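In the two assemblies presented below, chain A is common to both, partnered first by chain B and then by chain C.
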Partner chain A sequence: MALLELKDINVSYGNVQALWDVNLKIDEGKIVALLGANGAGKTTLLNTITGALKPTSGEVLFKGERIDGLNPNRIIERGISYLLEGSRLFPDMTIQENLEMGAYHRKFWSGRKQDIERMYALFPILEERKKQLAKTMSGGERQMLAMARALMSNPALCLFDELSYGLSPKMAKAVFNTVKQLHAEGITVFLVEQNVRQTLEIADYAYVIENGRIVMECEGCTMLENDYIRQAYLGI
Partner chain B sequence: MGLRLLKDAFWGAAPSRIQSAIIAAAIVVMAFIPGVADTYTPLFLSWIMTYCVLSISWSFFSGKAGYISLATASFYGIGMYLQAILGRQLPLWTTMILAAVMAFAVGLIIGVVTLRLRGIYFTIFTFGLSLFLNRFMNWYEGAFTRTKGRMVKPYDNDTVFYALLVVFAITLIAVIILNRSRFGLSLKCIGQNEDSAQHLGVRTTMTKVLAFAITAAPVGAVGAVMSTKIGYIDPNTAFGLNTSFFPVLMAIFGGMSSTYGPIIGAVVFYALQDYLLRVTNWHMIIFGAVMVVVIMLLPNGVFGVVDTILRKRRSAGGGAEASHQP
Partner chain C sequence: MTVFLLVLINGCIVGSTYALMAMGMSTQYGVARILNIAHGEFIVLAAVVTYALQQSGLGLHPLFALVLACPIVFAISYILHITLYRRLRRLSPNLGVFEGNAILVSFGIYYIAQNLLQTYMGAAPKRYPFMMTSVNIGGAGISAAGLFVMLIAIVICVLYTIFLSRTRLGKSIRAASQDSQAAAHLGVKINSIMALCFAIGGILAACAGVLMSMREQFQSTSGLGYTTIAIIIVVLGGLGSVKGAILGGFILGIVGYTVSHFIDSVFMISVFYMIILVLLIVRPKGLLGR
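Let's look at the complex of A and B:
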């Protein structure tokens, strides 16, 4: 059974329909990617999963239970954590405080000390700089912190929106390596990206979204050999 | 080394033992002042504590959450009128509690109505609230009581001093505890990135409303106490706009990165005002000039400067350590 499943999802902003009959499956322990250009509906899809948007029709199933219609609060509690595009840290708070906020939900708050230790083990750079303000960090380090914050609540599923956004190629590579590391630890990751090549290199499975519809899906590495993908997204 | 000690005592995470000890000692020492000082000193300190409470409360909500409130005068005036109306029948401590509860309730209502608004609209609304209460009381007194103001039953300087010391101590200790709590942390997050806070599960509207109402309570209480010292209040003294603006200026002057910034701001500002009022009629002009200079030279206030120096020292130290590595 899939960890997360979207069945015939339709989402509209007023009269404008943004998602059309989207079907998508994320299996446990996998890295699944969603690729698409600006405005294709990637963030809309994420907001539907996290409960910020309600679908007009269709079902969102998490661990076999329906979660569409629940408040974001309740969805976090069930084990889905969301890293927003552009990381959205709290710039004038220390790294430690930023991490603590990742465990804000009452269910996770009491265990925040152990969770922070876990994050420091995973991202040693954060421990070195725990008393510094988040705004003093470089772009790559911020993305590390944002990922650590998203992992604080021990999620079963992590949604990462545009992880490589605004990063230098070197930093982007480091961030993707971290995702691979998370995968090795058994965390299920849903990557939403514009950086097609690097995403496909690490993804187990990938979907392509265009104008609100899923137009293609297959195993990550086979997509790299697909002519349409090569032309439209890789430019070769 | 002195700086380091100061930093360990007053910055950082949970209140340290040194910090708790210094605060407790300061409060105990203050409790003995009326016994040894002349009769003027307790009154002078009462005003300072009044402004401390106003600016600590203001910066706890507005400084953290980033919603600039100009409603301080409203809550202060509500406390004053409550004291004027009930002060003859009830003892001071009862009216103080009632004033705090009343200010809390009004804060809750105003918060529920306005705190869904973001940015400048909230500021404008709270500014308008003080003006409205001022006009409303003017109309009410004219139409029903046919007077302009009200006499308030006076209390001696020492009683007022102790009443304020209690409010001041409670406010200070509560803010120190709340700063490090889940509640204080989430309020700070709202100020920095409200969307992100929401995605982490913070119930933003509820947190804002509650913080706004809680910080209104001590303002109402000090309003009730200080009205007994003024003796005669009218809508302009109770809902004077300066009461809304001074706490903002004091907090900016002292710096909002620490709990103690607003206290420094209140002490310096009130002492300066007290002195200038005695020697010149131009005190507001000098005041304004000082404020402009402070904002230009010290954008993070007095405490901000110390904070920056400490951070520079630390990163310089860190750099030196790093250079030893191959």
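Let's look at the complex of A and C:
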């Protein structure tokens, strides 16, 4: 059984349909990628999984149970953590407070001290600067903090929306390395990206979305050799 | 020197209740995005509750009115939010439209509340005797009631900032005001937090009203004046910033007292608006705004 499964999902904004019959599976312990250009429907898909949008038809199953229609706070409680596009930190809160907010849900709040220590071990830079406001951080550091905040609830599944967007190649590399590290620790990651090459290098499985439809899926590395992907997304 | 002390201390006395009013307005705007024109009416409501309690002959300290006024205003504000503003927010296509509509709705509530207050208390100014002595500080004669009011107001400001910075609920309020969508995905129930913040803003208005009534007269039409001052302070301090509201409150209190002491109190609001005009040109986000 897949950890997360989307079955025939359709989503609309008013009269405009944004997702069409999306079927997708994320197996436990894997890095699964969703690739697509701007406006393809990637964020819409994540918002549907996390309860911000309700599908007009179809099912979202997590650990075999239906979760479509649940509110975001029920979703996080079940073990799905969502890092929104653009890191979305709380700029006027300290790094430590941002981490605490990752454990806001009652289920995680009492354990927040240990979780913060765990995050400091994973991201030492955060501990050095824990009393500073999040708005003082650079782009790469922000994504590190955003990832740490998403991990505070000990999720079974992490949804990362465009982690590498706007980062320098060096920072992007560091961020992808962190994803690999999380994966090595057994966390399942759903990586939503426009950065095709680097994503496919670490993904176990990948989907391609165009105009709200899944148009291709396969093992990560085989996609790198696919002619269509090479032409349309890698420009070679 | 004595004049300086007089102006400074009296300015801070005035400013301390200004800070409470503005903190309330800022809390309501910060998360719920409602610039509440009816804010001042709740200040007057709390003041009149205090006045009624003093007239009742029970011999209670006016501070006791907090126990009555705070729950009343909290309940009214909370109900207003979940019935009116929540629906309005759902019907508005985006936040900008909602903010505009919310101001209009709060204008409506202002008129209704103002009418009810006027019917209940008439037009005559209200005042009750409280700590009528004055205290000599460095040669300046300062009203004891004023000092008492300032002390309590400062205690409330400090408690409220501690609440915001230390507690789980306080942190979620700050988070929601900085990025409500991100907060929602961490499990913060935004709808409840918005209603709660609107009601907490009401409580702060009630505190301001109870304290204000201890040292100055008020009447059924005083509300809009309080609202105007609160808006000016909130813009001065930075929209949605609670620390800015406290700082702005004290600054405006001191400036206002200086103007009324040396020139005439009728110029007070004009001077406040001049400060805002300059500020909006030089630093549009306010003193401590984001």
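We adopt the following convention: the second predicted complex is superposed on the first by the 236 of 236 C-alpha atoms of A that agree within 3 Å, B and C clash if a C-alpha of one lies under 4 Å from a C-alpha of the other, contacts with A are read in each partner's own complex, and residues count from 1 in each chain.
One rule holds in what follows: a residue touches a chain if its C-beta (ideal position, glycine included) is under 8 Å from a C-beta of that chain, and two chains touch if they have at least 3 such contacts.
Given the structure is predicted, the values throughout are model-derived calculations rather than measurements.
Undergrad: Which partner chains sit in contact with A:Glu162 here, chain B, chain C, both or neither? Use first/second/both/neither.
TA: neither
Undergrad: Classify the contacts of A:Glu100 with the two partner chains as first (chain B alone), second (chain C alone), both, or neither.
TA: In the superposition, A:Glu100 touches chain B and chain C alike.
Undergrad: With both complexes overlaid on chain A, does A:Pro72 touch chain B (first), chain C (second), both or neither?
TA: Both partners, chain B and chain C.
Undergrad: In the superposed arrangement, which partner chain does A:Glu141 touch: chain B (first), chain C (second), both, or neither?
TA: Neither chain B nor chain C is touched by A:Glu141.
Undergrad: Which of the two partners, first being chain B and second being chain C, lies in contact with A:Pro91: first, second, both, or neither?
TA: both
Undergrad: First (chain B), second (chain C), both or neither: which does A:Thr50 touch?
TA: In the superposed model, A:Thr50 contacts both chain B and chain C.
Undergrad: For chain A, which residues belong to both interfaces, chain B and chain C?
TA: Residues 50, 52, 72-73, 76-77, 82, 84, 88-93, 97, 100-102, 104-105, 109, 149 of chain A touch both chain B and chain C.
Undergrad: Provide the residue numbers of chain A that touch chain C in the complex, in ascending order.
TA: Spelled out, the residues of chain A in touch with chain C are 50, 52, 71-73, 76-77, 82, 84, 88-93, 97, 100-102, 104-105, 109, 149.
Undergrad: Quick check on the complex: what are the chain C residues that touch chain A?
TA: 168, 171-172, 174-175, 178-179, 181-189, 290
Undergrad: Within their complex, state which residues of chain A touch chain B.
TA: 50, 52, 72-73, 76-77, 82, 84, 88-93, 96-97, 100-102, 104-105, 109, 131, 149
Undergrad: Touching chain A in the complex: which residues of chain B?
TA: Touch list, chain B to chain A: 12-13, 182, 185-186, 188-189, 192-193, 195-203.
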